[in-house]
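Next come the structures, one after another.
In the two complexes that follow, chain A is the common piece, with chain B as its partner first and chain C second.
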Partner chain A sequence: MEIKQTAMAGTLESSDIQIVLSQGSNGIEFDLTSDVMKQFGDDIKQTIEDVLKAFKIDSAMVKVVDKGALTPVIKARAITACQRALDMKDQPQWEVL
Partner chain B sequence: MAETIQELYLHNPMIKKRWENFLKDRGITVFADQEVDTIDQTIGLFDEQDNLVGTGSIAGKTIKYIAVSDDGSGESGSRFNQLVSALEMKLAEAGHFQIFVFTKPQYETSFQHVGFNTLAKTDYGLILEKGTPNIDTYRKGLPQKPEGAKSTVAIVMNANPFTKGHRYLVEKAAKENDCVYVFVVNQDVSLFTTQERTQLVEEGTKDWDNVLVANGGDYMVSYLSFPAYFIKDQDNAIKYQTALDASLFKNQLAKPLGIQTRYLGTEPTSHTTNLYNETLKTILPPEVDVKEIPRLTAGSGQNVVSAREVRALIKDGSIEPLAQYVPETTANFIKENLDLLQKRILKGQKINGN
Partner chain C sequence: MKNNVNREIPDQILNDYNYEGFKSAEFGNPEIQRVAPKVTAQTGPSKIVESVKKVVADTLEDGMTISFHHHFREGDYVFNMVMREIIDAGYKNLTLAPSSLTNVMNDIVVEAIEKGTVTNITSSGMRGSLGDAVSHGALENPVIFRSHGNRARAIESGEIKIDVAFLGVPNADEMGNANGMNGDTAFGSLGYALIDAQYADKLVLLTDNLMPYPNTPASIKQTQVDYVVKVDEVGNPDKIGSGATRFTKDPKELQIAQMVNDVIVNSPYFKQGFSFQTGSGGAALAVTRFLRKAMIENQIKASFALGGITKPTVDLLNEGLVERIMDVQDFDKGAASSMKNSPNQQEIDASWYADPANKGAMVDKLDVAILSALEIDTNFNVNVMSGSDGVIRGAIGGHQDAATANLTIISAPLVRGRIATIVPEVTTVITPGESIDVVVTELGIAINPKRKDLIDSLSKVPGLPIFSIEELQQKAEKMVGAAKPLEFTDRVVALAEYRDGSLIDVIKQVKD
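After this line comes the complex of A and B, so read on.
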């Protein structure tokens, strides 16, 4: 699916994660800032990528600022960002959740 | 800890006083109207006792006047992050996902921790950027220079409108080099709109195929990198801002694009532009050369060709003398649109600026 508009979810507070999705041209591209990049960078990307796949998004610029979020938080923020980016906030995709 | 974010309405004098005092205690002392008036929204962070412990403002797509109180409890970092989140949320609601920050060099890491990238840094100031589009997407969108081009140079111009003087400068650069980037200033505050200015530059430089015309985006002589160019200001502010503009050009554009020289016209009449040229000459070398070309003179050789002169003629409606100042393409455009241009002047568009 195509990203219709740039969308943001999450905050920069401790234990949260901020995800901004915008139109991409070259698959899924990540720009990740995290204090635990070395330890969990790949896990964070994988979690977000799985959510994007569930929404059938295969091209996006994903800007992520992680402040030590746990996996369920990352997933929740990613889902919200996707729904906002696809302009379907009012039609939740239960099979993705 | 329950600290809450509330909006601060600065048109209330009591609130404004409190806000100013808070910032003054933290080393921010400039409250010139031209800075404060551009603020769209201000938020404050309050602790349980209703003390102001942090504030930040947005103006267009830039974050300004951000400060938090550091009472030694170790909360200042989390307060800062909370404020930046809230400001970003507000900017996102307004549809801005490209965000800029002007700040002091010592706060570079605080902003980098919340995802900002440094665009330019001098001893006195710092510009950071976050979001998309950004400098990378801007660079990717520029026209590609031909393969095998050895000497690549750049000219930045407002071209309000494109004159024979601009053409002379471009011609000189085009003859001496393999490839010339002409960046047209993006800020739309001039008599001629950005689209018109770009169109006239494109038409006026058609004869050379090694000239690439591009929009300067947010990165060249824009409100962001160089507000004083558009707002008359003290010399120090100009020096400070031109230094940022020059270092942004050098590091983010000249280096990645392989631009070796920047061409300038000498500036006998405009004070701001003259200071700008001086700054470019101090900051760009040795990596990027600066070549200053004497201005083209009109007629008997007394008057330099300047776009300001042309705008004065448009105001008076005198079409005849235009031919000695502007190339045919620009003259034709002015003839066809004289009414429209004069109407803009009547409406209050300033014509005696840069």
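After this line comes the complex of A and C, so read on.
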């Protein structure tokens, strides 16, 4: 699916993650900063990528500022960002959840 | 070789620096020859020198070892004042041997490393920009980390030979009689600095508060002092100790403190005349409050509280619940200011406190120690030195020393953010698992399997969940996920000694 608008979810509080999705041109590109980059950087990317795939998004610029969020938090913020970016926040995608 | 906590120590390090690998926490009864300082006799009426610049020029040569204390903590002006003169005068190849390094000292040490002024460091620990620089290989020779007790041992044995000690004091007379208790910048106990005063060849006191001669009580005596320098300010009183200690409201810390208290009160050591040491963290302070209640209810008094002292411990002394405070440093103003009025708050030096190579240290008489940790592994080994990214950001302090207590409790949250505290293997072993008896987290406790007696007495306590350390580790991992192992180069940037002077671990340069 095509990203319709730049969308953001999450805050910069500790244990949260802020994800900004915008239109990409070259697959899924990450700009990730994280307090736990060395230990969980790959894991965070994978978690977000899985959510994007579930929404059938295959081209996006993903800017992420992670403050040590746990995986369920990362998923929840990614889902919200996707729904906002696809302008479908009134139509929850239950199969993605 | 692999030492007895299963850490690989490169043979070259053992050979180059003449180390043995860590074997055991037992020190035994070796016969030890101590060293003695060189004394330059003087009979003049005053030791006042007009400036730091002059005293540096009169005492220092390239390649010497210099020392400082860290009793002014984040309010220290002396370290920067002296190091500035030393760097600007162009000295090279100095060994820096302070009791520890606080954050206000970081930047100037990094500068001194870059300019070749300092080429060796031994300390209790380091943090911030300095820890970062060292972890990235800024210093050619590895830093040596020693506990407070071990530093005293190393100075007494001559492994650290202090040529010039620069000690800031909140008061002194013209001959060098000084203490830490009086003056605007009073910090209480001079514990760590007293070893430097006893063993340095040249001792320089810096003070902003010249007192009429003779100045008493004299913790540092004129017999030990070569020079006294009057400076404008030795420190910032507001930053020397934290202000009034507030008790934590964090439910996680309170839960941990409650369980630590349950462990202590239901252990065989909670009896008339027991002794304890707590740290300064939120949970440790809350433990003091719970312990107070339990002591009143059970009509039990402690014979002494040891180590770094806080106001809540002083309150216990004033209430008569603790007979003596054996005070090597004071963490807050309440503790610092009460020493001068309280004969039962005894100043002790680092050797008396915690040195194993002694005719008896206070830690040998310690029943209960409550300590913190960055990481604990499933062998109960503790890391208080390397952060979750592998960068140096901590200090041994008295951890290894106090951990020799009869009941050593590590209090720590199961996870901090997304970082597990209980892990399969710690990044750096500082205190060996054989010293640790109980680990307390907010979810429950784990008891070292070798302490069958504690397993027996604590199993009966209602509402105290007991897990194996492996179970706690798995709970943490389930919560945060499996972390990717940190990557290091082969280059050793720091050596962590055990308190007996053997090598317990090495720290390698981080790979970025």
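By definition in this document, the second predicted complex is superposed on the first by the 97 of 97 C-alpha atoms of A that agree within 3 Å, B and C clash if a C-alpha of one lies under 4 Å from a C-alpha of the other, contacts with A are read in each partner's own complex, and residues count from 1 in each chain.
One rule holds in what follows: a contact is a pair of C-beta atoms (placed from the backbone, for glycine too) under 8 Å apart; a residue touches a chain by one contact, two chains touch by 3 or more.
All of these numbers come straight from a predicted model, not from anything done at the bench.
S.K.: In the superposed model on chain A, is it clash or fit for chain B and chain C?
M.R.: fit
S.K.: First (chain B), second (chain C), both or neither: which does A:Asp42 touch?
M.R.: In the superposition, A:Asp42 touches chain C alone.
S.K.: Which partner chains sit in contact with A:Thr11 here, chain B, chain C, both or neither? Use first/second/both/neither.
M.R.: A:Thr11 sits against chain B, while chain C stays out of touch.
S.K.: Could you read off the angle at the CA centre of chain A, spanning the centres of chain B and chain C, to the nearest 10°?
M.R.: 90
S.K.: For A:Gly68, select first, second, both or neither according to whether it touches chain B, chain C, the two together, or no partner.
M.R.: Touch status of A:Gly68: second partner only.
S.K.: Pick out the closest CA atoms of chain B and chain C after fitting on chain A and give their distance in Å.
M.R.: 8
S.K.: Would you tell me the residues on chain A in contact with chain B in one complex that are also in contact with chain C in the other?
M.R.: 14, 35, 67.
S.K.: Write out the stretch or stretches of chain A touching chain B in their complex.
M.R.: Contacts found on chain A: 6-8, 11-14, 18, 20, 22, 33, 35, 61, 63-65, 67.
S.K.: Note which residues of chain C are touching chain A in the complex, please.
M.R.: Answer in residue numbers: 388-390, 417-419, 479-481, 483-484, 486-487.
S.K.: Quick check on the complex: what are the chain A residues that touch chain C?
M.R.: 14-15, 35-43, 67-71
S.K.: Spell out the part of chain B that touches chain A in their complex, as residue ranges.
M.R.: For chain B paired with chain A, touching residues are 78, 81-82, 84-86, 88-89, 92, 97, 112-115, 130-132.
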